Structure formats: structure tokens, C-alpha cells
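Pasting the structures in now, so scroll down.
In the two complexes below, chain A is the common chain; its partner is chain B in one and chain C in the other.
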Partner chain A sequence: MTRDILLDVAGISKSYPGVKANEDVSFKIGVGEVHALLGENGAGKSTLVKMIYGLVKPDEGRMSLRGKAFAPSAPSVAREMGVAMVFQHFSLFEALNVAENVALGMENPPPMRELAARIRAVSEEYGLPLDPSRMVGDLSAGERQRVEIIRCLLQDPKLLIMDEPTSVLTPQEVEILFKTLRQLSAEGTAILYISHKLEEIRTLCDAATILRRGKVVGSADPRQSTARELAEMMVGATLTPPERKATAKGDVMLGVTEVSVASPIPFGTSLKDVSFTVARGEVLGIAGVAGNGQDELLLALSGELKTAPDKVRINGRAAGDFGPAERRRAGLVAAPEDRYGHAAAPDMSLVENAFLTGAIRRNLSRNGFIDWPATRAFADEVIATYDVRTPGNHVAARALSGGNLQKFLIGRELDQTPEVIVINQPTWGVDAAAAAAIRQAILNRAAEGAGVVVISQDLDELLEIADMFAVLNEGRLSKPRPVKGLTIDEIGLMMGGAHGMEVAHHAEA
Partner chain B sequence: MMDFGSINPAVLIASLMVAAVPIMLAALGELVVEKAGVLNLGVEGMMIVGAIAGFITAVSTGSPVLGFVGGAAAGAALSLIFAFLTQFLLTNQVATGLALTLFGLGLSSLTGQGYNGIKPPHTGAVPFGPLADIPFFGRVLFSHDWVVYFSIFMVALIWWVLKSTRLGLIIRAVGENHDAAHSLGYKVNRIRLGCITFGGAMAGMGGAYISLVRVPQWVDGITSGAGWIALAIVVFASWRPWRVLIGAYLFGGITVLQLNLQAAGSAIPVEYLSMAPYLITILVLVIMSSGRGKASLSAPASLGQNFHASS
Partner chain C sequence: MLRLEKRPNPSQFWQYGTPVVAVLLTMVVGGILFAMLGKDPFAVIKTIFWDPLFGEFAFYLRGQLLVKAGPLILIAIGLALGFRAGIWNIGAEGQYIMGAVIGASVGLAAYPTESRLIFPAMVIAGAFGGWLWAMIPAILKTRFNTNEILVSLMLVYVAETILAKAATGFLRNPDGAGFPGSRNFSSYKAASNPELIAGSGLHWGGVAALVTAVLVYILLQRHILGFQIKLAGQAPRAARFHGVNPTRLVVFCMGVSGALAGMAGLFEVTGPAGQISIDFNSGYGFTAIIVAFLGRLNPIGIVFAGLLMALTYVGGEMAATNLGLPSAAIQVFQGMLLFFLLGVDVLGNYRIRLVKGA
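So, the complex of A and B:
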């Protein structure tokens, strides 16, 4: 099938100090085509779409939209010409309601009452039910994404850019999103779909452009290619899945009994009766859509939120009323999700950051003074073992790329001879090769006898490394089940299905 | 109980409305600034610069109205220093705000040399004719100068703008999540600049009301902490304009009441009475900002954070 060309990108380049984000990128999107932009984190996908959306100006090259020169100077110009974008990290305002959020993304919004009616109409039409008067802070991640999509649809876009739209959705919600996208495509709206999830691209997209280190390294028809071919084009190397040695289950290392705590985070989710155990050598994977209590669970395990003493037991000791330092002493290390500000002090050097959590278990202080040589040695050890790319151990944590800092922070925890490890999102924003290394390191610690809790939104990751699998949904933890024999459908249902969205599509079909 | 016999309630209410005007104007300005995500602790400095500038303008032109305009202009000019430092040089907002207050206090003291002991032109009550003669209500509602009515009008105006207009929506959006506002194409720093200037003008006008109507003369340090009370009222009001009105009247009421009690010869030592408004300010701030309260939820999410477009 030949299509008229909608967007033609020719020879686009963009450099930032020290990096070439995009170099001579060219591709074409046809009218109504679902076009995938495939690449690892840091391959330059986001910079490229920001240029199409007018947030960043290209250094070189030109674009044309429907045959006319297209050089948007601001997002409002791009929107006017029919380009809309759904962001990866949602550009939403939690304290405003749905209609207000939608109005902010439009050039000339109608009066609120009329807008609310139009939101209702469009959301029914595309099977994305949404109440315009609800506060965005109270919505689930899937519902928030609907707000973004509807904001775009109300402007009747010719090209809809979607930046990693499925990373926050349950499998059922992904199905519904794809139905909506196919409907849009059939109506003539082109979609530029950014992702690194190959199976999704193979089911949804008509064409794919693959980026690596800012350059186009190939294009493919995703329906004709195998996931392996696409992956190797994307990574530029063959990948080996982590290997694991079978270990016999040992004693219970971490026991959590009916923990209920109120969330200290605004719009957070409180934990309700969370119970589980992790044995020596066991990896418990906890899945769930973001915002269902993951951050709170980490706080409750790390000791930042305290409970009654016997509700949390580390290696048999009642530790519920222990703070983070006492829990470290008892053998539990924790790595939170937020790298800048929670896991690391961004403006402090890697050595200082190494000291912050390593002091207790690695004996890095003497008589109340910091033992600098030992701390430096510890930082260097982590940098060497986990292949952290940095000019040196004196560099501020902020200066490292997200993936590199993540390797350092995970390594810092894993190298403290822990008995219990709790990690939230171990490989978020890390490229495939580094992610594999981190997973391997986690499995090695488990093989050495640590009990591990991995909280992640990446199902493939959990299925790869976990022995037991549970789901957090609205602050409740499902009963852990062995990973062997679980199907994606079962997992989806454990994750809360599609949050009441099925009904709409059934009615429409 | 204390003796209230010598205090006439109509006079008390009328005078608390007057006492509340400076802190209400300043708090309303600061509310808009904070709604846009900026914490300007320089309110006291902007007020006192407005007080002296308004005083000088009124004395030299003979027009109290021009005095208020001058006060507002001076407050706005001082706030532009804050805006430039925090929005373009990305300095720390708390430190810059405190410095602004110290600077304002010094600057007003310097420019005020030679203006001690002068009486400014009188700002009279708005003539409501026979309405002012209604018993009780006439005294309470129809006996004031135009700035009292202006301040109430501004409460309504700011409430309406923030709630129902696109401008208000954009201001709230910028204060709520400046990264998201930027990615939608709004000029975060420019919008904040506008709000800071408006806040400065309101604070300056509030200051001018102190030196032109409340006192009315120039003395060093004339605002005596009114700017801090205004800051407290914004938090007390949970960033809502009508609650600013209530808060300002409560604090105005306490100020007037303690003066009246002093005059009535209350048994409580004078020092405690004059301390009362400040003690209550501290108390309110401690209670409201104790973290888990509702106040932490209604605060603009980007409050006090500088924005720098990274791409």
C-alpha cells in the first residue's frame, strides 16, 4: 500500500555540549501510517521528537509537512500545523482537574462547560472513558495517559507523537490503547510511536526507523522482521540473557506481616495489609502500575516509614521500629527509584555518596571521622566492578548519565555483603547491556544467599529474574506465586485489569 | 473576663477593617506570586519601600492617590530586582527574599531622612451620603476611604481571575508543575516575572497605606513586621483569596483589640498584648506547616523551586 508522505525529515542534526544527540537523521511518515522509532535509551529518540514538536531547534537539516517546509519555533506552532504529542513523563498538573489540564494544552479552548462536553464525547468515541471534573492527582497512570491522548485528539491532529506510551500500562490497558491507535490510523492520523518494546512494535506498527547513538542505522518492516533482528539492529550487538544457578531455598530472611502505613507522599497510595516472606537465595518480584504503593513499600522496608516491631523481621529479628541505619546494620540494604535526590545526593561526589549508605556495613568511619582512604577505595571498587563510566570518583553524582549513576547506586548497595536487598526499578533508564549486567549482579547476590525484593514496572525483567511474583494494586499486595507457569493474562488480571475500561470497547464493538 | 464595656463593637469592626488593609493587599499580592510557584520573602522590604515612596510622592504632589500609585511603583521596582535574581540568575529564592527585606529596610531608612514629623495629605472617606448615617452598618460598611473598598474588590478580582480565566489557569499551571507547563510551550519565567511584579506592586501599595492612612506619618521601620504577617496569612489562607480576607480581618482584629484593651486598661501587661499578633503568626505557621496537615496539599507543588529550561 502506498501512502502520501505526511512528514519528511531530511538530514536533521542536533548537538549538545559533548554529545551528538542526532546526526543526519532522515525518514518519512505516510498519511495514516503507524511509524515506530526504535532505539535504546540515549539513542536520540526524544531529542528527535522534541524537534518535530518545536521544543528544540535542529542545528542542521530540514523537515516538511505535507510538502510544505516545516520548522516549528514553538510547540504552539507545531500544534497549529497538526502535530500533537503525548509525553513519556506526563505533562500534567496534579492539582488541576481533567478539563483544566486539557485546556492548557489547547490554543483556543472553548468555555469550560463546552470543553467538558467535548471531552466526554471524544472519550466515548475512542473508548477512553474519562470524567472531566476529576482531579488528575487522583487518577491512575493509565487514566492520566487518556487525559494526554484526549488533549491531543481534541485538536484533530494529523500526526500524533507517542513517547513510550505503554511503560505505565497494564497489558489490558495496552490492548485498549492499541485499539484506539488503530482506529485513529484508519481515520488518517499518522502516529509516530517511540518505544524499545519490540513485540508491541511488531503488532502495531507499519514501518520502523531504528536509531543508535543518534544515527539512523536502518529501517524495517516490523511485521516481516523478527524481534531478534530488530533487537540486534537496535543494540548493535548480541545479548546474552542472565544465567542463574539453582539454589535450594533457605531460611526466611525477610518477613513482612500485615503492614499498613499511610502514605507520606501527596496523592500517594497507603499500604494495606501487605504480607510476604523472602527466603535465603530467593528473588521476589513485585509488579504493578506506577503509583500503586511501590514507593511506600520501599519506604516501609528501608525503614524510612516505621511500623510495630514484629511486623518487619530481618533475618529473624524484629525490626519494624528500626530506622534506616539500624536496618542496614541488621543486614537490609535498599535502593529507591528516584536517583536524583532520594538514592543519591546529586551535588555530592561519588565518594561522598558511597559513604552515605556504605558507612555502616563497610566500616567507613572511625571515631566519628570519615575514613577517606577506605571510602575512596569502596567507591573505586564499585566503579570498577559495575563498569560505571565516569572521569573519576570525585565527580558529582548529578554529572553522571542516568544509566551510569544507576549502575553506581545499585553496585554501592550490592557490594555491602547484604543479607536482604530491596530495589525499586533496578534498570529504569538503563541501556540493555547495562541492564543485563545489573540483573546478573542481583542474581549473583541471591545465589550467595541474600533474600531479594525487586519492585519493577518492567514485567519482562521480573519474569527473567524472579522466583516468586506478586503484584501491588492500590496499596494491596497479591499473594506471591511462583513465576513458573504464570501467563501474561494472569499477570494482567493481578494488576487490576484495565481499570473498568473493557466496558466501553465492548459497547462500541 | 476582660472588660469589653468601653469598646464599641461598630468602631471596633470599622477600625479592624482599616487595620487589615496593608496586610491584606500584601498577602493578596504574595498569594498570586506563590500561586505561580515563587516564594518571595521580601514582602516586608517591598512594603516599607512602598511606604516611604508613597509618602514622598503624596507629600510632594499633594495627592494621596498619586501616593498610592508611587508606593505601588516602588514596590514593583524592588520586586524586579528579586525577579531578575531568581528568574534569570537562578539564585535561591529564600535567601534572595530575605536579602530583599534587609535591603528595603535600609533603603527606606536612607530615603526617609528628613521626612520625619511631616503630615501627609489626608485620604478622606468615600461620601456615601445618608448611607453612612445608618446605625451600626453605616459606621461599619460606609465610613471608609477608597483603599478599603479597593482591597475587598481585589480579593474578588483575584479570586475570579485565578478560578475562571485562562490567565489564572496558566498561573496555577506554572506554579503546579513548571516542567509540564514548559513542555506545553508556556514561558514559565516570563509568567513568573509578571506575577512577582504584581506582588511587588500590591505590597508597595499596602506599605503606602500604613504611612498615608494608618499612622499617618513617616517613621523608620514603620511596617514593623506587617510583611511577615502577610506571608503567614497566605499560608493560613491555604492560598485562597477569600480566606486571605478572613485571615487579614482576624489579624487586623487582634491588632485593634490589643490596642483597645491597652487603652481600656486591661490587667494583662501591655507587652503581652503587643506581642499577640506576632505570637499568633508564629503559632499559625507552626500549625499549618507541620507537614501532614491539609496545608501541605494545597500548596503549589513547584513553590520555591527555580525553573531552568534544560532543552
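So, the complex of A and C:
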């Protein structure tokens, strides 16, 4: 099927100090085409779409939209010409309702009552259930995304850009989204779909452009290619899945009994009666859509939130009232999701950040005085072992790319001979090769006898490395089940199905 | 068009370069201000920065530098600890006063006993007085989450009232014919804080300032507490993840800065000021905030910043008396120093780029 060309991108380049984000990128999108932009983190996908959306100006090259020169100087110009974008991170006000949030994104919002009616109409037309009068703070991530999508659809776009839209959705919600996107495509709206999830792209997209290190390395018809072929084009190397050594189940390393804590985060989710155990050598994978208590669970395990002593036991010891330092001493290390400001101090050097959590188990201080040579050696060890790309151990943590810093931070925890490891989002924003290395390192520690809890929104990752699987939904943890034999449908239902959809009766069965 | 661009790494050069640029900018803009007041800007700048060091009366004025710099440095180092941790003790002036009042009370209570132990006891009492006054905002903050900026600042005015009461009431010199003010410490040997080397201006307060600078430098560079202070200021969530107890940190930082300010107050009242009087405090507690930032919150930097600030004090007074410059103009000049410092500070984390077109 040949289509009229909607957007023609020719020879676009963009450099930032020290990095070429895009180099001579060219591709075409047809009217009504669902076009995938595929690439690892840092491949230049985001920069490219920001240029199409008018947020960033290209250094070189030109674009045309329906045959006319297209050089948007601002997103408002792009929107006027029919280009809309749904960002990976939502820009919504939690304390306002849906209609108010939509109005904030419009140049000339109609009266509230009319707008609410239009939101209802669009949401019904495209099968995206959404109540315009609900407070955004009370919505699930999937529902928030619908707010963003409807905000775009109200502008009647010709090209809809979606940046990693499924990272926050349950499998059922993904199905709903895909139905909507197919309907849009059939009506002639082109969709530029950014993702690194290959199966999705294979089911949804008509064409794919693959980026690597800022350059187009190929294009493919995703329906004719295997996921493996696409992945290897994207990574530029052959991928090997992580190895697992079977280990016998050992003693309970971490026991959590009916932990309920209030969330310290505004609009956070409190934990409700969370119970589980992790045995020596076992990996417990905890899935769930973002915002269902993952951050709170990490805080409760790391010691930043305390509980009654008996509720958390590390290696048999009651540790619920221990702070982070005492829990490390007891053998538990933790890696929070947010690297810039929580797991690491962004403006401090890698050496100082190595001291941040390594001080106790690596004996980096004497009588309260810091042993800087030993700390530097520890930082260097982590940098070398985990292949952290950095000019040296003196650079500020914020100077490292997200993936590189994550390698450093995970390595910092794993190299402390931990007995219990708790990690939230181990490979978020990390390129495929580094993600594989991190997963392998986690499994190696488990094989050496540590009990591991991995909290992640990446189901494929959890199914790959976990022995036991549980889901965190609205602060409650499902009963952990062995990964072997779980189907993706069962997992979806464990995750609470599609929020706001009529699936509750399935879950009861 | 000029554009600011975030640096990937904080600049080492500007870390030390900004104070110099700020001083130069202050001289230029201050010079313009002085010219607009009808004075010769070069003469004024020379009077402020050159004459106290190398001018006709330098032999006397150099000593004045240490007299002024000592308390500034001592207070500023304590404040810098808190500022690094994101704890904003603005009320050092009040802690300085309370240290002086309580320390002096101990000395006056012992009058006229002569003992070597009296002065050390007064120093300890002074530190305790400042500590006590700083504990009020610290405990209100940790217990009730009040804002330490407001509470510590308001307590300055409470302290000033107590000082007035002390000078006219419970610490008034019984042999003073009813004049306000306590006994003069210079005539009570056991409790006085004399110049240690004649003409140098150095008294025990200056010694304490230098020793404190070295100790705090070591604390910040090598001790885990210093690490926690810096961590808490830069990344509070990372600090909690590391295991910093925010309550203990607030109490420690407020306590240290209060104790140092209290000590400075005691050294001042027993030395250069000589007695508790209604207005013996001369705003050192506030000026020390400028000194702390001018010295990059670094104890060694603060020593230099304190000397520089003392220079503008001594030179400023000279300019006021010799050239008839209003003293308000000198205060504006000192304020400019902090203004430009904070402005130029941006260059540490950003660089300026010329961008063509709009």
C-alpha cells in the first residue's frame, strides 16, 4: 500500500556540547501510517521528536509537512500545523481535575461545561474511558496518559507522536491503547511511535526506522522481521540472554510481615499489609504499574521508613526499627529508582557517592574519619567491574548518562557482599547491553547466596530473572507465585487489569 | 543574545574565581556610586582597600583588622556548617549577644576573685549561652517544623532586649554612678581578654577563630559528619538514604553555630568592647552571613573573607571620617559584595554563551 507522504525528514543533525544527538537523519511518514522509531536509550529518539515538535531546533537539515517546508519554532506552531505529542513523563497538575488540565494545554479553551462534553465525546469515540471531573491526583498512570492523549485528540492532529507510551500501562491497558491508535490510523492520523519494546512494535506498526547513536542504521517492516532481528539492528550486536544457575532454596534472608506504612510522598500510595519472604539465592520480582507503592516499598525496606521491629527481619534479625545505616550493617543493601537525588547526590563526585552507601559494609571510615584512599579504590573497583564510562572517579554523578550512573550505583550495592538486595527499577533508562550486564550481576549475587527483591515495571525483565513473582497494586502485594507457568494474561489480572474497565469479574474467578 | 548553559561539571576555576570577580565588580559599581555622591571614586576605593594596610596610619589600623575579623570569622564558620546542610541560622547576632551576656555574668559573679580558671569558665559559659539561644529555633524546627530563619531572626530582637535589661539592670556596674553598662573587664584581670601581642590586634578570639577554621576544615574534608552535612545540603533524600538523622543534624549545626557565635560575643565583650553596654554588639552576627558566603562556606576561605570584610569596615570608617562619605554608602558597598557574589556564582554551574539571532 502506498500512501501520500505526510512528514519528510531529510538530513537532520543536532549536536549538544560533547555529543552528536542526531546525525544526518532522514525518514518519511505516510498519511495514516503507524511508524515506529526504534532505538536504545540515548540513541537520539527523543531529540529527534523534540525537533519535529518544535522544542529543539535542528542544526542542519530540513523537514516538510505535506510537501510544505516545516520548521516549527515552538510547540504551539507545531500544534497549529497538526503535530501533537504525548510525552513519556506527563505534565499534569495533580490537584486539578481532568477538564482543567486539558484546558491548561489549549490556546483558547472553550467554557468548562463545553470542554467537559467534548472530552466525554472524544473519550467515548476512541474507547478511552475518562471522567472529566475527576482529580488527576486520583488517577492511575494509564488514566493520566488518557488525559494527555485526549488533550492531543481535541486538536484533531495529523501526526501524533507518542514517546514510550506503554511503559506505565498494564497489558490490558496496552490493548485499549492499541485499539485507539489503530482507529486513529484508519481515520488518517499518522502516528510516530517511539519504543524499545519490540513485540509491541511488531503488532502495531506499519514501518520502523531504527536509530543507533544518533544515526539511522536501517528501516524495516516490523511485521516481516523477528524481534531478534530488530533488537540486533538496534543494539548492533548479538544478544545473549542471562544465564541462570539453579540453586536449592535456602534459609529465609528477608521476611516482611504485614507492613503498613503511610506514604511520605504527596499523592503517594501507602503500603497495606505487605507480606513476603525471600530465601537465600532467590529472586522475587515485584511488578506493578508505577505509583502503586513501589517507592514506598523501597523506603520501607531500605530503612528510610521504619516499622515495628518484628515486621522486617533481615537474616533472622528483627530490623523493622533500624535506619538505613543499621540495615546495611545487618546485610541489606538497597538501590532506589531515582538516581539523581535519591540513590546518588548529583553534584558529588563518584568517590563521595561510593562512600554514600559503601561506608559501612566496606569499612571506609575509622573512628568517624573517612578513609579517602580506600573509598577511591572502592569507586575505581566499581567503575572497572561494571564498565562505567567516565573520565575518572572525580566527576560529578550528574555528569554521567543515566545508564552509566545506574551501572555505577547498582555496582556500588552489589560489591558490598550483601545478604539481601532490594532494587527498584534496575535497568530503567539503561541500554540493552548494559541492562543485560546488570541483570547478570544481580543473578550472580543471588547464586552466591543473597536474597534479592527486584521491583520493576518491565515485565520481560522480571520474567527473565525472577524465581517468584508478585504484583504491587494500590499498596497491596499479591501472594508471590513461582514464575514458572505464569501466563501474561494471569499477570495482567494480578496487576489489576485495566483500570476503569469492566474486568473485575475476571479477577474474582 | 546571551544564554546560560549548564556545565556538565561544576567549574573548579569559578569556585575560586567568583569572589575575586565579585570584589572587582563591587569596586567598579561602588566607585560609580561614590562618584554620584560627588566623591572621587579612586580616592574612596584607595582609602578603603589600601590605606588601612599601607597608608599613613596603617600601624594602628592593621591591628583593627584582626579585632574586627576575629568575631566575623568565628561566627561565619559556624554559620557555614549550617548553610552547607541547608539549615539557615540567621540569628547569630542574638546568639552572639546571649553568649556575651551569660559569659560576662559568670565573670562578674566571681568579681573580684582572681583565678586563672575564671576566663576559661567565662568562654565556656559564653559558648553555652549562644548554644542555648540557638537551641530554641533548633528544637522548634525539629519538633514543630517551624522555619528556623524566622525564629532565629526574631530571637535577635529578644536578645537585644535582654541585653538592654542587663546593661541597665542586673549587670550594671554597682560602682558606675548609675550609668548603664557593666564593670569594665579591662580593669578585672582574671576576666579580661587583652591583646596578646602589642599592636597586632590579636586577642584570644582571633586565636579561637584560627583554630576553629582548621578544625572545621578537617571536619568537612575528612570526617563523616562533614560528609553528612554536605550531603544533607545538596541532596536531602540521598542523605536520608545514607542514614543521616535530620533531627540530629539540625541540632548539631544550630548548636555549633550558636556556640561559636556565643564565644565570639564573649571575646568581644571582654576584649575590644570592654563591657556589657546597650549597644556593644555591632552587627557582626549579620555581617558574618556575608563573610560565610564570600568565603564559599569553606573555613579557609572564610578566614580570607573575614579579613576582607574587616578591611571594608576599617577602611569604610576612614572614608567616612576623612572624606565625609555617609556611613550608609559604606553599608551599601558591603551589601553589594554579597549581591555580586551571589550573582556571579551562577558561573560556577553555568557558562555564558553568545547565541546569534533570537
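Definition applied: the second predicted complex is superposed on the first by the 501 of 509 C-alpha atoms of A that agree within 3 Å, B and C clash if a C-alpha of one lies under 4 Å from a C-alpha of the other, contacts with A are read in each partner's own complex, and residues count from 1 in each chain.
FYI, contacts are C-beta pairs under 8 Å (C-beta built on N, C-alpha and C of every residue); 3 or more make two chains touch, one makes a residue touch a chain.
Keep in mind it's a predicted model, so treat the numbers as computed, not measured.
J.: With the two complexes superposed on chain A, say which partner A:Val395 touches: chain B (first), chain C (second), both, or neither.
T.: second
J.: Who wins on chain A residues touched, chain B or chain C?
T.: C
J.: May I ask you to decide whether A:Ser133 touches chain B, chain C, both, or neither, giving the answer as first, second, both or neither?
T.: Neither partner.
J.: I'd like to know which partner A:Ala344 touches here: chain B for first, chain C for second, both or neither.
T.: Only chain C is touched by A:Ala344; chain B is not.
J.: Just to be sure I read the superposition right, which of the two partners does A:Val56 touch: chain B = first, chain C = second, or both, or neither?
T.: Only chain B is touched by A:Val56; chain C is not.
J.: Return first, second, both or neither, reflecting whether A:Pro324 touches chain B, chain C, both chains, or no partner chain.
T.: Touch partner of A:Pro324: chain C, not chain B.
J.: After overlaying the two complexes on chain A, where does the chain B footprint on chain A coincide with the chain C footprint?
T.: In the superposed arrangement, which is not itself an observed complex, chain A uses no residue for both chain B and chain C.
J.: Contact residues on chain C for chain A in the complex?
T.: 5, 8-10, 222-225, 227, 230-231, 234-235, 237-243, 245
J.: Which residues of chain B touch chain A in their complex?
T.: Against chain A, the touching part of chain B is residues 166, 169-170, 172-173, 176-177, 179-181, 183-186, 292, 296-298, 300-301, 311.
J.: Contact residues on chain A for chain B in the complex?
T.: For this pair, the touching residues of chain A are 47, 50, 54-56, 74-76, 79, 87, 90-96, 100, 103-105, 109, 264, 266.
J.: For a test of understanding, state which residues of chain A touch chain C in their complex under the given definition.
T.: For chain A paired with chain C, touching residues are 17-18, 302-304, 323-326, 328, 334, 336, 338, 341-348, 352, 355-357, 359, 365, 368-370, 372, 395-396, 398-399.
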